[in-house]
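Some structures are shown below for you to check.
In the two complexes that follow, chain A is the common piece, with chain B as its partner first and chain C second.
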Partner chain A sequence: MKTANRLKYFFRKPHNIILVLLFVSLAFLTLVPLFSLIRDTFIVHPSEIMSVRGAKINDVTLFHWKKVLLDGTKSFKLFYEPLWNTLKVSLFSSIIAIFLGGSFAWLVTRTDMAFKPFISVVFIFPYIMPSWTLAMAWLNFFRNKLIGGAPGLFTALTGIETANWFAYGIFPTSVVLGLHYAPFAYILIGGILRNMDANLEEAALILKASRAKIIARINLPIIMPAILSTFLLVFSSTMSAFAVPAFLGTPVRFQVLTTQLYRTLNGLNPGYGYIMAVVMIVIGLLILAVNQWYLGKRKSFVTVTGKSSNISFIKLKKMRPVISGAALFIVAAIAILPLLTFVVESFILAPGNYSFSNLTTQFWVGLGREDIGGGEPGILLNKSVYIAFWNSLKLSAVVALVVGTVGGLAGYAIVRGRGKKLSAIVNNLAFFPYLLPSMAFGAIYLSMFAKPIGFFPSLYGTFFLLVLIGSVKYLPFASRAGINAMLQLSGEIEEAAIIMGIPWRKRITRILFPIQKSSFLSGYLLPFISCMRELALFVLLITPANRVITTLLFQYNEKGWNQWANGINLLIIIAVLSINLLINKLTGASIDKGIGS
Partner chain B sequence: MPQIVLRNITKTFGKTDAVHDLDLVIEDGDFVTLLGPSGCGKTTTLRMIAGLETPTQGTISIDGKTVFSSDSGIDITPDKRDVGFLFQNYALWPHMTVEQNIGFGLENLKWSKDKIAQRVKELLTMLKIDGYQKRYPAELSGGQQQRVAIARTLATGPRVLLMDEPLSNLDAKLRTEMRAELKRLHKETGATFVYVTHDQLEAMTLSSKVCLLKDGLLQQYEPPMDVYHEPANIFVADFVGSPTMNFIDARAQNINLDQVKLEAEGLRMIFTPVSGSISLQNDQAVVLGVRPENILVADSSPLSSKVYSTLPSGMETILKLEVGTLVLTAVVFGSVDYQIDSMVKIGFSGNHCALFDKSSGEKLATGSVQLMQG
Partner chain C sequence: MKKGRMLALALLLFVSMVQVFAAPSQELIDAAKKEGKVVVYSITSRIANAAKAFETKYGIKVEAYNLKDGELIEKVTREVGGNISGADFVICQDSGRVYGQLIATGYLVNFVPDSLKNVIPAQYQNPLVFQFINKVFIFNSEKTQTPVIKNVWELTEPKWKGLVQFKDPKLEGVNANFLTMLTSPEWSAKLAKAYEDLYGKKLVLTTKNAGYEWIKRFFQNGLILGNSDTTISENIGIKGQKAQTLGLFVYSKTRYDAAKNLALLPMPDVQPFSGFMYPAFLQMTKNAKNKNAAKLFIEYLLTEEGFAPWSKDVGSYSSNPTIKIDPDDKPVSYWAPRLVFEDPAFLFENRADVEEFVNTLSN
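For the complex of A and B:
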């Protein structure tokens, strides 16, 4: 009787119902796949019958683990070298991202640098654009004769042949990933700096500390935990990046874990790929553990609260034009110049020839020509482009709708149930997909939903599977946004409505949501944008029937149809940027609200 | 010796003037409060003296040295102005211990470790926070944080101390205690204090001179008692004093140069200026200001009124009284109480009643008021 009563009280609170529902579904959608993945590393898959001697399908075997970890030089080529490359790329790109993003954050929040509104908007662009945007731009500029085609703009303009190490491999991969995630660091560190009381710096200034000393002794120690968190988040994001190393590494056989994963899963040894996925997840979990440990270890002073009302900007004085100019140049180089190269490249008939006579509209509005791309019509007349684009929009909209709503409710339930174990577990489960590298996540869903489980039919090749994986993968963004929105609301606001007998649904839709509209809406916006430009997550699950625009672009690129790839990328960017801008203007939602936690 | 001079200081934010054409001379050793409602420009003024904010126009000099001049383009940075600054939220560095916080400024002056340790100890004792040197700010109470902030500001021995509402985050009891300490500190250090507050009581009790600002404009700059008894205009009269002054709209007419007849809401009064004579237009609209303590509640008084409310605090009782349509506030000293809706007799006493021009709000004269019978 007592237990029954307790259950009754427990479920009378709406947030408990949500927590239980979330716990069950998230466990099914994230933990079960994880176990399924681990199981996959120990069994024989259909394509592996030939290599594992005398085995039948689904036999238990240690074959994959032995081959990947213990097979001398073969393991080195297959696994250890890509792993080492992954770690190097992630380290370098995180450093670049934090240095660049942190510097811009400091300049924008603390100094009188010119063009701030412009810079702070445009600096975010690389993060909104697909991750391979900068990689493609890099190739447009710096590619050399190595991959057979024509050299890029840089060589065309200067006559200097770019070196291989500069055009392909670890250097451009790290730089490009660093630039792509710099806005991420900028948003996180900028958020902390904006919330850090400027009086702390002014107090040091009045006590005759130099500018350099203030940064070293006051700013850095206080924002250090944030910097470390940013570092770890960027590190795990770059680790799971697929498109950039695929674009920039492949020409020189520079392999990282994600590209190896793609090769092995699409090849004859999916077992190898599943092991790599497990390794990536383990690294992700280690990173999270380090982050938690570090945050827990620090004393309470890490929470910097209270804004000072009076912030006067540091005067850059004589350096102002120099710094402002340099910042403007960097922003233009990473956010605007790439777009121009896409425009240029998509209008060029014979690659590498940038003369006026070589311009053509063939790739936009031309009818198919047998001698170019096997008769593929121009982008604007191309049925498969329209279908893929429509699929992308549809997928992103559905995913955004699902994720935004679930994330908002998750935020509500987690905050209301704060301090309880279930709330903490659901919070972690909702964040867990963030750590699953997209490619590995795709691999898991591929392995898990390729066959029916229980009442669940096989989902492979369905639109629903894409919605499902997108929704789970982007839930962390939306639940963060939801949690942030709820934390800013005092519980009394809802309690006032409870006392007046207003039902739960009405409290949510008429009181809580309207007050934090822009925060909650950010939980819809970020998944939409991410989904529009996602490749790695879908690339393993896509079938010709439900092709999305990004996988189409990847196919064109793999075929070497550079002009189509550039043109389509331009389309994606324009679509994503304008949707972002539109929603931002209409509702005040912005992507940085989803990230900044 | 540090004298602070502001000449024609204007600070514009966007289109509005936060401070407008301010002239202010703060003498050496003064304790000056900048007083006014929020948004009046007092904090901006303080920050401009410190160099944290750049004036749009004007000159500032400290100790005879020009630290800012819009004409000659001088703008000395805060670290070279030799001032101390106490922030409203203390701005203690959360990642440094108490002694590191206090010693930081001395470190910048390249003091030796021993000397720093000695000076820090001295300050800890002086501000009664001995024993807390190894703690982090988050581990201290608000009052202790306040003391650490003061110690940090005093460490380098600045001759000018700028304070931005330093007591506003403390509870009422601590605030009263710290007020007394600040006044002692002013005496002991002999430094020039400039103190921003919106609390008129703090300004009255602490300062040697009060500078009242409203919408960026200087209203009055005089010792507190002068501000209290001779308010320059209705705004000052209303802002200073608690409970606030009673304002009675009236029509005035000169009887002769030394006497004015007032008519208000059925009351007829004679106003006699204390010093000098005044001349008014016929039937001029005026406002009579009477402080609550100048309303005399006594059986011998001429005017009947009804008790609307009564707030006895033991030391005094604040009464709201109805006279016709007027509601007047009176203070009766001592432990007395009244029945609500009972009748009491009142009159006006003292010679600090003020007469203001209704349209400009400026003070015309101060003097005494007699009620005319009938």
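For the complex of A and C:
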């Protein structure tokens, strides 16, 4: 009787219901795959009968672990060296992303820098582009005689030959990934900075604290959770990024875990790949633990009490034109310039020849010529481009709706249940998918859902499976956004509503959501964009009927049919921007979360 | 005179009979049309053009999906293994894996159209070969039309450091197969002999055999690995480059010469090999849903009409010897003694070792 009452009381709180539901479904969708992944490191797969001598498919074996960890030079080249490279790349790119994104977020939200609306929108372009297209732009620009062919634009214009370390390998990989994920830092840190109550700063100003001190003692501690979240997100993302190191590293044989993972999953030794995936997850978990430890250390920062209305901009004074100019120059270099190269490259016929006579509309509206790219018709006449594009839009929209809603609710429930074990568990579960390297995650879902499980029919080849994996994978974006939004929101606001007898649904839709609208909406928009440009997650699960635009794009890039690739890339960017604009017009929110305005 | 005429007449009769034979049976066409659709996974992108032509001819819808060799093998393994309907038939490559992982397991099923049983040489019938593809040493021919190397060991000399390109064998199984074949007794003996012919002394080994030795020195001589043969063909072929470069890539890429302003020529007489040649197989899947449409399409692809997207360029050789090759190209019989071929059994046994070896070679 007593327990029944306790249960009844427990479930009277909406956040408890949400927590329980999330716990059950996330355990099934993330923990089961994890066990299946670990199991995969111990069994012989069909393609391994070539290397595991005398074994039969599905035999249990320690072969993979021995080979990956304990085989001297071979293990070193296969695993340890790529692991070390991965850690370096992830660390460097996280630093670049946080520094660049954080600086821009601060400049846009807290200073009187000029051109804010423009910079604010353009800064996120690199995130909209699929990451490897930035790598292609880098190659277009900085390629040198090492790989031959037409000289890069930079060399063509300045006559300076770029150094090999600058053109290929760890440096460009880190920079490109850093630039690609800088908008993350910008959105997450900017969101907090913008909503931060300026009273704190003003109080410090009144107390005659120096600007440096205010940043160090007030701004930084408040945005620290966001910086840590960003670090965690960027580090994990770059760790599982495959295409950028593949394009920039191959010429100098720079190996990271994912390039090995990709080769092994599609090659002779998927077992090795599964081990590498496990290692990546463990690294992610370690960072997550540090993050948790830090967040647990400080109890809470309620920094938003209602909507902060008085934001005081720091006057840049004499530095204003300099800083504004520099900021403008940087966004132009990292966001506009690549776009321009995509436009130009999609119109040229013979590679490397930028003369007017070499321009052609062949790759946009041409019927297809046998002597270039095997008779593939131009993008705008290409049936498969349209189908794939539509699939991508559909998929991204559905995923965004699911993720944004579930994530927002998760954020609410996690924060309201704070301090309870269940809340902590769900918090970690909701974040966990982010630590699963996309490609391995796809591989696991493939083997999990290729056969019927209980009452679940086989999902392979269905649109639903793509939605499912996308939703699970991107839940962390939305749950983080939701948590960050809710953490800043004083509980008193909802308590006041409860006292007034306002039902839960209304409290959410009329009070909480509107106050932190921009944060919650970023929980819808981030998954949408990420989904539009995602490749690795879907590549194994795609069937001809539901192929998405990025698979097509990557295929063109891989084949070296760069004109089509560049054109499609432009289409993706234009589509995302238009949708962003539309949402902006309808709701006032935007990807850059209207940081500028 | 009369005899000659008789012979010509007989030949004509024979040809027309073959042609009658060559047509698929009406039964098959009807059954295929009833299915109305066929799904194919293919390692060659030109399948799209063949698909279009096939759709127009028979009104049967084709879903053609272009995949990389390893991807295709993985997909078929999962789909057929899990009894999920995917491709009805495939055009696949990478002999070692295709035999070991797909044919030995019964995932792929051989089908030779009746009309072609007497046309296609018996050794290409099981598994049925669709075409042969060759990757050869190709050089930038802007400054000179004469081949720039005569012996593959030259590529291990400082002179060629950083000037040779090859697609990363991790990214394409057939490239790994080629390297694996070099370590076979046959090719390592030939490589050892080529070394002696060139330098007049015996090769001193630091590895298992001359094959491994060449691979090691080839890779460690600043070999540039690429992501795609198309890109490599541009990197090598673009006019106006200072350095003389060369690459080992798909011969058919030279078809882009005119449109892309490239200067590329093959070197068919390098000792002991000028590159390699590998088969692409035409196989039905065990759980094919549209069996008849698949059969009809397979038959179509082996006719002159169906092979048209490939035959109009160099570097594609149908298993059907009656299909003419590009006039600028030479037949398989010309290439055979010059190129390294795949031996599925040897590959199955040794590919993993060679891959592992290659992975330990740094610049």
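General observations
We adopt the following convention: the second predicted complex is superposed on the first by the 426 of 597 C-alpha atoms of A that agree within 3 Å, B and C clash if a C-alpha of one lies under 4 Å from a C-alpha of the other, contacts with A are read in each partner's own complex, and residues count from 1 in each chain.
In this section, a residue touches a chain if its C-beta (ideal position, glycine included) is under 8 Å from a C-beta of that chain, and two chains touch if they have at least 3 such contacts.
Worth saying up front: this structure is predicted, and the values here are computed from it rather than measured.
Legend: residue contacts after superposition of the two complexes on their common chain; A:492 is shown touching neither chain B nor chain C. Once chain A of one complex is fitted onto chain A of the other, the partner contacts of A:221 are limited to chain B, with no touch recorded for chain C.
With both structures placed on the common chain, the touch criterion links A:213 to chain B but leaves chain C unconnected. After superposition on the shared chain, chain A has more residues touched by C, the comparison being chain B against chain C. Applying the stated contact rule after C-alpha superposition, one finds that A:73 touches chain C and leaves chain B untouched.
In the superposed model, A:202 makes contact with chain B only, not with chain C.
Within chain A, no residue touches chain B in one complex and chain C in the other. Those residues of chain A whose C-beta lies close enough to touch chain C in the complex are 46-47, 49-51, 73-74, 77-78, 145-150, 246-247, 250-253, 259, 263, 265-269, 349-353, 369-372, 374-376, 446-447, 450-451, 458, 460-461, 540, 543-545, 547, 555, 558-561. Residues 39, 45-46, 48-49, 63-66, 68, 70-71, 73-74, 77-79, 81-82, 84-86, 96-97, 100-101, 105, 162-163, 165, 168, 170-171, 173, 224-236, 238, 241-243, 245, 255-256, 258-262, 309, 312-313, 348-349, 351-352, 355-356, 359-360, 362-363 of chain C touch chain A in their complex. Contacts from chain A toward chain B in the complex involve residues 197, 199-200, 202-210, 213, 217-218, 221-222, 299-302, 304, 306, 308-310, 312, 315.
Taken together, the chain B residues at the contact with chain A in this complex read 43-44, 47, 50, 52-54, 77-79, 83-85, 87-89, 91, 93-95, 104-105, 108-109, 136-138, 152, 156.
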